[in-house]
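In the two complexes that follow, chain A is the common piece, with chain B as its partner first and chain C second.
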Partner chain A sequence: MKVGDISVSDFAGLLASQGVTIQTGPFVFRLTSHIPSIAAPVWRLYRDFPLIEPDLVDFHLVLRPAGRFARFTGRCEVVIDARRILSVFKSPAALPHLEWALNWWIYNYAHQFFIVHAAVVERDGKAILLCGPPGSGKSTLCAALVARGWRLLSDEVALVCPDTLKIFATARPISLKNESIEVIERFAPSAVFGPRALETHKGIVAHVAPPEQSVRHINADAHPCWILFPSYAADAATRLTPIPKARAFLRAASDAFNYQILGAQGFRTLAAMIDRCSCFELAYADLTEALKVIEGLGQQAHRA
Partner chain B sequence: MTASPWPIWRLCDAVTLLWRSWGDEFVVFNVAANQTHLLDAFSAAVLKQVEASPKTLGALTGHFAAELGADPGQVLPRLEEAGARFAELGLIERLNT
Partner chain C sequence: MRSAGHHSQILLKALADPASIRGLSLGEWDLLLRQARTAKVLARIAILAADMGLIGGFPEKVRESLEAARKIFAYRQRILRWEVGRIQAALHGLESPILLLKGAAYELAGLPPARGRIASDVDIMIPESALPSVEAALLRHGWEHSLLEPYDQRYFRDWMHELPPLVHRDRDGIVDVHHAILPRTSRLKPDAAKLWSSAVALGDSGLFVLSPADMVLHSAAHAFHDGEIALALRDLVDIHDLLLHFCRQPDFWPNLAPRAATLDLSRPLYYALRYAALMLGTPVPEDVAAEVRRRAPGGLVRAAMDRLVPGVLTPDHPDEPPPGQSRATLLLYIRSHWLKMPPALLTVHLCRKALFRHFPREGV
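Now for the complex of A and B:
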């Protein structure tokens, strides 16, 4: 059964009582929410994901009002596994904080994977990793590529199996911030958006629902083929510049969440990824031009 | 027995290195310290010599002078510079004999 197979009101009822258990690729989480306003957006953004029996879950998140005066302050909190408060926020920011909590768990516990801070999309089994710090434009490019038919694996983390280099997908909603929200609304008018959270520590945040086919094919093969380091600047000319692989290695290592934790295994995994990838910097301002360059890479590989 | 005028270079205790190269650039991972370093071809060749077995600076100078077809007097400062960096990074120690 999928989330979308039950009504929004039933979903809201479950959220507020026993919770819902959702599978996103390799992870299963249970979500309970005592913030009624979050039910409809979560239902809309996760409608294609499997809703499963709550036998085995990796972790349990609870969204709830924070403190005795929450009715007056509007403060809420997200709690993981009934013991740790991850963040405190005003209720309109609940959805971003839910997504950040899901990311937090992956960064801290999913060490069966080599985890790179990167958006990942795939076509014909070949994946592009868009690496870089917040603000580099990776989520914007990711959303645009997904709108062009690339399969979404993640807008936030590349989960690489150290043994096979297969990249596992979570296909969760794409998080857009500030100006990139309108950019994608114009670029992909049919994209399904969640509500805008206006006052977060990252500015305005809105999420784009993953396409149904990305969720349906969540376990399809994807192996790293290209590593791009995008950098958005308002006046940049679109330019794709090859990076020597050893330099790309160091940059990707610094973008990895658990390179240090995995030690030698992290080194070997990243080295094997770099062996098979072409690595580039991508400077861009114009989204359409940037996509043309990226899709050109895919077409060259297809011909080769 | 006369002491050698050259110090002996050897890997620090417990240092194990993993290597990967692309073109003329090398990445080396020091397993014990969990640290990664980017090396050029010359520095990598020096470290690999020391990794293979401890060497005197004199032996290294002779080896690389022959390898590069260069004057030992030109090679020695490059080796000393590389050695100082490796020592600073905790990769090698330079022992006076």
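Now for the complex of A and C:
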């Protein structure tokens, strides 16, 4: 059964009582929410994901009002196993905090993967990793590529299997911030958006629902072929610059969440990835031009 | 006595008898993984399961969780050993001997509690006279004070048994520099000179650890005297492991209770042996148990502790904390402070803490 197979009100009822258990690729989480306003957006953004009832889940998330005076302060919190994670927030920011909490869990516990802070899209089994710090434009490029038909794996984490280098997908909603929300609204008018959270510590945040195709083919093969380090600047000329592998290695290592935790395994995994990838820096201001350059990479590979 | 409840039995059983996790259902695993993470003992369960060759036979999700816990542990173990080396290098050339406490001691002495135990900081002890030179050397080598409020500084320097925690500016490693094992203001006053006189050198590393009996007593004091009992399950597991390990030395058990009396730690030892035996099934020889029982508190306190401690020590079902448990936690929290400080100081300290909980300072 999928989330979208039950009605929004049934979904809201489950969320507030026993919780709903959703599978996003390799992860299964149970979500209980005592913040009624998130039921409809979560239902909309996750409508194509399997709704399952296993005995064992990876983690149990609870969204709830925080503290004894929550009725007056309007403050909410995310709790995993009776412990608050992240900082407290006002209920309009609940959806971004749900997404950050899911990410938080992955960064802290999913060490069966080599985890790189990167957006990942795939076509013909070949994946592009868009690495870089917040603000570099990786989510924006990711949303645009997905609108052009690339399969979404994640706008946030590349989950690399250390043994096979296969990249696993969670295909969760793409998180856009501030100006990039309107950019994507213009670029992809048919994209399904969640509500805008106006006041978060990252500014305005809105989520784009993953295409049904990306969720349906969530387990399809994807192996890393290109690693791009985008940098957005308002007046930049679009420029794709190949970079030496050693430099790409160091940059990707610093963008990895568990490079140190995995130790030698992390080193070997990243080295093998870099070996098989072409690595570039991509400076851009104009989205359409940037996409042309990226899609050009894919076609070159096709001809070769 | 209030039983610790069926939910926590799975965790206690997994800690006391690691082989018992063989037959768990998926639903029981779900609960055990959550409780073990909360109590910070998941890596221990994972390491012991791996040593017994069990992990391969577990369901995939369980295997993933346990493997992840093992990776985190291996990483933290590397960091711990590295930090100890850095501290030693920073203090090289000073007259002061360095004695490792708790996690760092277990790890470098190769003792059983080190298995799967994740230490958040490095605890060392030095003679009190060496405090200024050691602090200066650490500050010179990149460690910094993280607590800059004058109250916090005074709290540690005047009342505690350690310097305010020092954090390395590049590596985030924390070192707690102790000159004793209980606060200056504590009701019980184990003499640090006596600890030093029986300290054990770690090969030719230049490092020392406490003697076997003192190691157990320190852990007991931390769990049942100055620490927060709600966090003491891991201390109890340490004690369990140490007792099972040291009991093979013929003079260990006969020496333990007399040593506790010498160090003014009979009461914490009583609690440690009582709750280790009760909750983890730690074998304690009857004559030692009887000797220690003579130092037990009066009937009323004993009954109160027996009601409060087991419930607080073990995480209950993560979704439904039983009513009364948070009150028990609060009572034991106040008790630990009561033992740590005289009443006037305690009043000021707790008021201050309560105040800052409601009106947090910037960046706290």
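General remarks:
We take it that the second predicted complex is superposed on the first by the 300 of 304 C-alpha atoms of A that agree within 3 Å, B and C clash if a C-alpha of one lies under 4 Å from a C-alpha of the other, contacts with A are read in each partner's own complex, and residues count from 1 in each chain.
Note that in this section a residue touches a chain if its C-beta (ideal position, glycine included) is under 8 Å from a C-beta of that chain, and two chains touch if they have at least 3 such contacts.
All figures in this text were calculated on a predicted structure; none of them were measured in a lab.
Superposition model on chain A: chain B and chain C are shown accommodated side by side without a clash. More residues of chain A are in touch with C than with the other of chain B and chain C.
By the document's definition of touching, of the two partners only chain B reaches A:Pro244; chain C does not. Of the two partner chains placed around the shared chain by superposition, neither chain B nor chain C is touched by A:Ala234. In the superposed pair of complexes, A:Pro54 makes contact with chain C only, with no contact to chain B. When the shared chain is aligned, chain B comes close enough to touch A:Ala264, but chain C does not. Superposition on the common chain A brings chain B within a closest Cα-Cα distance of 7 Å of chain C. In the superposition on the C-alpha atoms of chain A, the part of chain A touched by chain B in one complex and by chain C in the other spans residues 260, 263.
Interface residues of chain A, counted against chain C in their complex, comprise 28, 54-58, 60, 81-83, 109-112, 258, 260-263.
Against chain A, the residues of chain B that register as touching in their complex are 18, 20-23, 25-27, 29, 31, 34, 36, 38. Contact residues on chain A toward chain B in their complex (touch as defined above): 244-247, 249-250, 253, 260, 263-264, 267-268, 271, 274. Chain contact summary for the complex, chain C toward chain A: residues 25-27, 29-30, 33-35, 37-38, 59, 61-62, 64-65, 67-68, 71-72, 74-75, 78, 315, 318-319, 321.
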